[in-house]
Amino acid sequence: MAEHHILLMDGPDHKGLIYQVTRILFEHNQNVIRNDEYVSPSGYFFMRTAFSGDVVVADLLQILKKELPEGLNLRINPNKKKDIVVMVTKEHHCLGDLLIRYAFDELDANILAVVSNYNILQPLVSKFGIPFHYITHENRTREEHEEAILRTLDVYRPEFLVLAKYMRIITPTFVDQFPNRIVNIHHSFLPAFIGANPYRQAYERGVKIIGATAHFVNNHLDEGPIIAQDVKSVDHRQTASDMATLGKETEKSVLSKALKLVFNDRVFIHQNRTIIL
Amino acid sequence: MAEHHILLMDGPDHKGLIYQVTRILFEHNQNVIRNDEYVSPSGYFFMRTAFSGDVVVADLLQILKKELPEGLNLRINPNKKKDIVVMVTKEHHCLGDLLIRYAFDELDANILAVVSNYNILQPLVSKFGIPFHYITHENRTREEHEEAILRTLDVYRPEFLVLAKYMRIITPTFVDQFPNRIVNIHHSFLPAFIGANPYRQAYERGVKIIGATAHFVNNHLDEGPIIAQDVKSVDHRQTASDMATLGKETEKSVLSKALKLVFNDRVFIHQNRTIIL
Amino acid sequence: MAEHHILLMDGPDHKGLIYQVTRILFEHNQNVIRNDEYVSPSGYFFMRTAFSGDVVVADLLQILKKELPEGLNLRINPNKKKDIVVMVTKEHHCLGDLLIRYAFDELDANILAVVSNYNILQPLVSKFGIPFHYITHENRTREEHEEAILRTLDVYRPEFLVLAKYMRIITPTFVDQFPNRIVNIHHSFLPAFIGANPYRQAYERGVKIIGATAHFVNNHLDEGPIIAQDVKSVDHRQTASDMATLGKETEKSVLSKALKLVFNDRVFIHQNRTIIL
Amino acid sequence: MAEHHILLMDGPDHKGLIYQVTRILFEHNQNVIRNDEYVSPSGYFFMRTAFSGDVVVADLLQILKKELPEGLNLRINPNKKKDIVVMVTKEHHCLGDLLIRYAFDELDANILAVVSNYNILQPLVSKFGIPFHYITHENRTREEHEEAILRTLDVYRPEFLVLAKYMRIITPTFVDQFPNRIVNIHHSFLPAFIGANPYRQAYERGVKIIGATAHFVNNHLDEGPIIAQDVKSVDHRQTASDMATLGKETEKSVLSKALKLVFNDRVFIHQNRTIIL
């Protein structure tokens, strides 16, 4: 993470946008380290510019907003680790992977806490000295449960929530608190096999390839923008249970790959699709 | 294709089945070249045994049927190329690949003829000296069209029909003429994106991986047993049209892989899944 | 190939290069359709800019050269198909694939002729109405053979030579005639298994993955810049001959992928590596 | 691991071998759960038979040895976890993965201890309550260092040694103590890029794919039988350091996959190749 600032910009395309932005950075003695842009077929512009140099970020942002056409979204992110909270249920494979990476400073994020509706993974989390909040959903309505979680999250104020096999449906009310800031790993190669027991479904359909999908969460279950996907080959010898085991490997690596992209400010969202620069 | 005979056997599992079969072959001086078997979790047995030796196949089959438990399906296939007819519409990528392989004797099948509801691919087929039957669907009901095709197929009596991008729905009546003998290449990673314009659907859903599926055709459209699947990675830069181009590459290689398995008698069908030995 | 012009630029990085180029294009009413750039860790700059608009290309190039820092390589390519000659020996798999693509206008290149040191593939090439030059290496020294080929190539003046399984070593003298303009498909996952019979080597080493490599040819055999690579999984059941069959599939698709990149002006070469924008 | 016993058998092929083995198991009331066999092109036979039933294993083995042709290697393994010691140097990625799996009983092995020539990974290992032996190589000859390690291993008597990024060359004397019982993860797609800093080599060669190899260790460094390999795509934007990061992911998953095969008695070794049944 050697880049000093990340300018993120998206909006309707205008002739000369790259020119205007690079001119302004040039005139303010900023050194462009890496520049990636994309214009969609429908004429929507995306740009991620990593740059370094002495500058008051707020002032530069002001100048950019003034000199560039209206209607553009502009942000300048500092080059620092994101603060996150991880939510889990009972499965350890994704969480274990995140904890090991975090312990060796490879996650590009600070895990502020782990929240779970079971206490099964508490011993694992404790090994790494991270707060674990066991918030059961038993004897609580869905709303009460989510409120309890939100009260806990309020203490940590995470930039991103990572659902690392959190197996509860979350409500639009909850999602609205973290717009485009919740990343989920889905136990399937979306859009196939939505719903319960996808590996059983995959087995019964006799597929030759299974996969996993990391995506942002929006109000439509399993339908948020896809960040990363990967697959593994299977054959008839694999039972539904074998497929589940193999699927976990894929979930682990796909989530890790997606988080790296998100935490490095490389993911734009537009019309329910991701643009990754 | 150096194996002399292929014994194919499936049915409810019994203790000692492998022993009984290998004993009978041993006692009749047959040399087992390769033996593959599989027992499903529900107790269904599959075995493919390649063997060589002087033997009257019909007699051997009789003996096997007599000495083995009842209720088993038993076949002994000669080790020879399958006779096939290829059906296409307008797209050339799968057909072109099959023709080149056939021209250089790599297909493990004889292409007896190509049937199409358009005459677009006639020039290509003619280069390879194979009969091309243009049977338009215009001014014909679906039934009339299929009957015309069936009359043509009747001349060739193919063992397998290969739908190499044949873009017409076929009726149960037609399918019934070729039970488990029609192989289709589907322009999607089944079970996702069934229906028209799958690459447009894939683009709009923003998937990061697209694929293709080769499967047997049964009476439920797109739901026959899957033989082979493969995928390719895509990103936001690919338009629906780019995805279609890339998808064709996948279709071509997946169909080719599936046909090799089918033509070498390696594919069993059971409960709408394939067992590939 | 809807882009009208492709500006290709590489050289030592300077602050503001993107800004200067986009400014000049903007001032001359050119519309940037797609812009990709890369700066290597050692500070070397690469940019590919697709743009459209009414312009006299030679004049624009003059202006760019005048206004940009010295030491940059600058080209503006028209958006047209490349002229190529394909060289082969006895194997048909790559050639067959190129011919089918060419026949259906999918190659982004014109195949002017096919040259071979055997006449085995003449019947295939003839089906497609393309000149076939059989230039045997028998009773000729290597130099005499290459001179004969060069005389033939001189008639066609191809922009690129494609070695689609041309199994003769070519000399530096020959290579020098086509600097960075010869693309070869190598029957191995370079840098492993250089030399004769790579699939036998792979089999004996018991590898679990085999691959193929498309690369530019330079004076060091098998060591030119790599354009594309791909692999397939194998296991102990595959003989060296099976691996060769599977390897051909990979060769075919890797060569096709590499040529698409080259013919679309997307490949830069720098310090024996390719930069693909 | 529901199978009760695993019969492993290899040797020169004889007509009727499968028949003889299945007959003997049948006559002794053993139920064959899964049977896999392979005959190499050179006529060497391999078979792995999982079976269950009440039996005195030593007696059954005696009978098999008596009734089957001479010259066969025969073992019957109980269906139990292997005892292993893991050896590491400084890198945590493979070890971390093994520890998480072990903690959740997914490794099919007991980690008796971790041995390292550095103490860097001691804190990680301690979290999981496993003995960590720091045995420095400093101020010791290679022989003295290995003797110190062997004395430690002698206490644990592991069935397998897992080199999970142990970065010291081990001598033939050491290897001889664990014939075909040491599994190493190699930071390269063997046989390419043998030696130091493979990712730097890969970067400089400009490869488009990198990989990792898990193999048994024999006396020729990096040349033991390959168990598993996998690859990931890279492009010019990846620095040697990025490639190393990506390579670690591959190392982690390849080692895990190979160990699962080894610990489940699925790997035979013959003429420096593995046969995986």
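In this document, chain identifiers A, B, C and D correspond to the written order of the chains, with residue numbering beginning at 1 in each.
Just so it is clear, a contact is a pair of C-beta atoms (placed from the backbone, for glycine too) under 8 Å apart; a residue touches a chain by one contact, two chains touch by 3 or more.
It should be emphasised that the depicted structure is a prediction, and the values quoted were computed from it without experimental measurement.
Student: Out of curiosity, which chains are bumping into both subunit C and subunit D?
Tutor: Touching subunit C as well as subunit D, we find A, B.
Student: Can you name the chain that lies farthest from subunit B, using the mean of each chain's Cα atoms as its centre?
Tutor: A
Student: Distance-wise, how many Å sit between the C-alpha centres of subunit A and subunit B, to the nearest whole number?
Tutor: 41
Student: For subunit B and subunit C, let me know how many angstrom lie between their CA-based centres, rounded off.
Tutor: So the centre of subunit B lies 35 Å away from the centre of subunit C.
Student: Two or more other chains in contact with one residue: find those residues in subunit C.
Tutor: Within subunit C, no residue touches at least two other chains.
Student: Across the complex, what residues on subunit C touch subunit B?
Tutor: So the residues of subunit C in touch with subunit B come to 92-93, 96-97, 100, 103-104, 124, 127-128, 249, 253, 256.
Student: Which residues of subunit B touch subunit D in the complex?
Tutor: Spelled out, the residues of subunit B in touch with subunit D are 15-16, 18-19, 22-23, 25-26, 31-35, 37, 39, 233.
Student: With touch defined as at the start, can you tell me which subunit A residues reach subunit B in the complex?
Tutor: Subunit A residues touching subunit B: 38, 40-41, 189-193, 204-209, 211, 225-231, 235-237, 239, 272-276.
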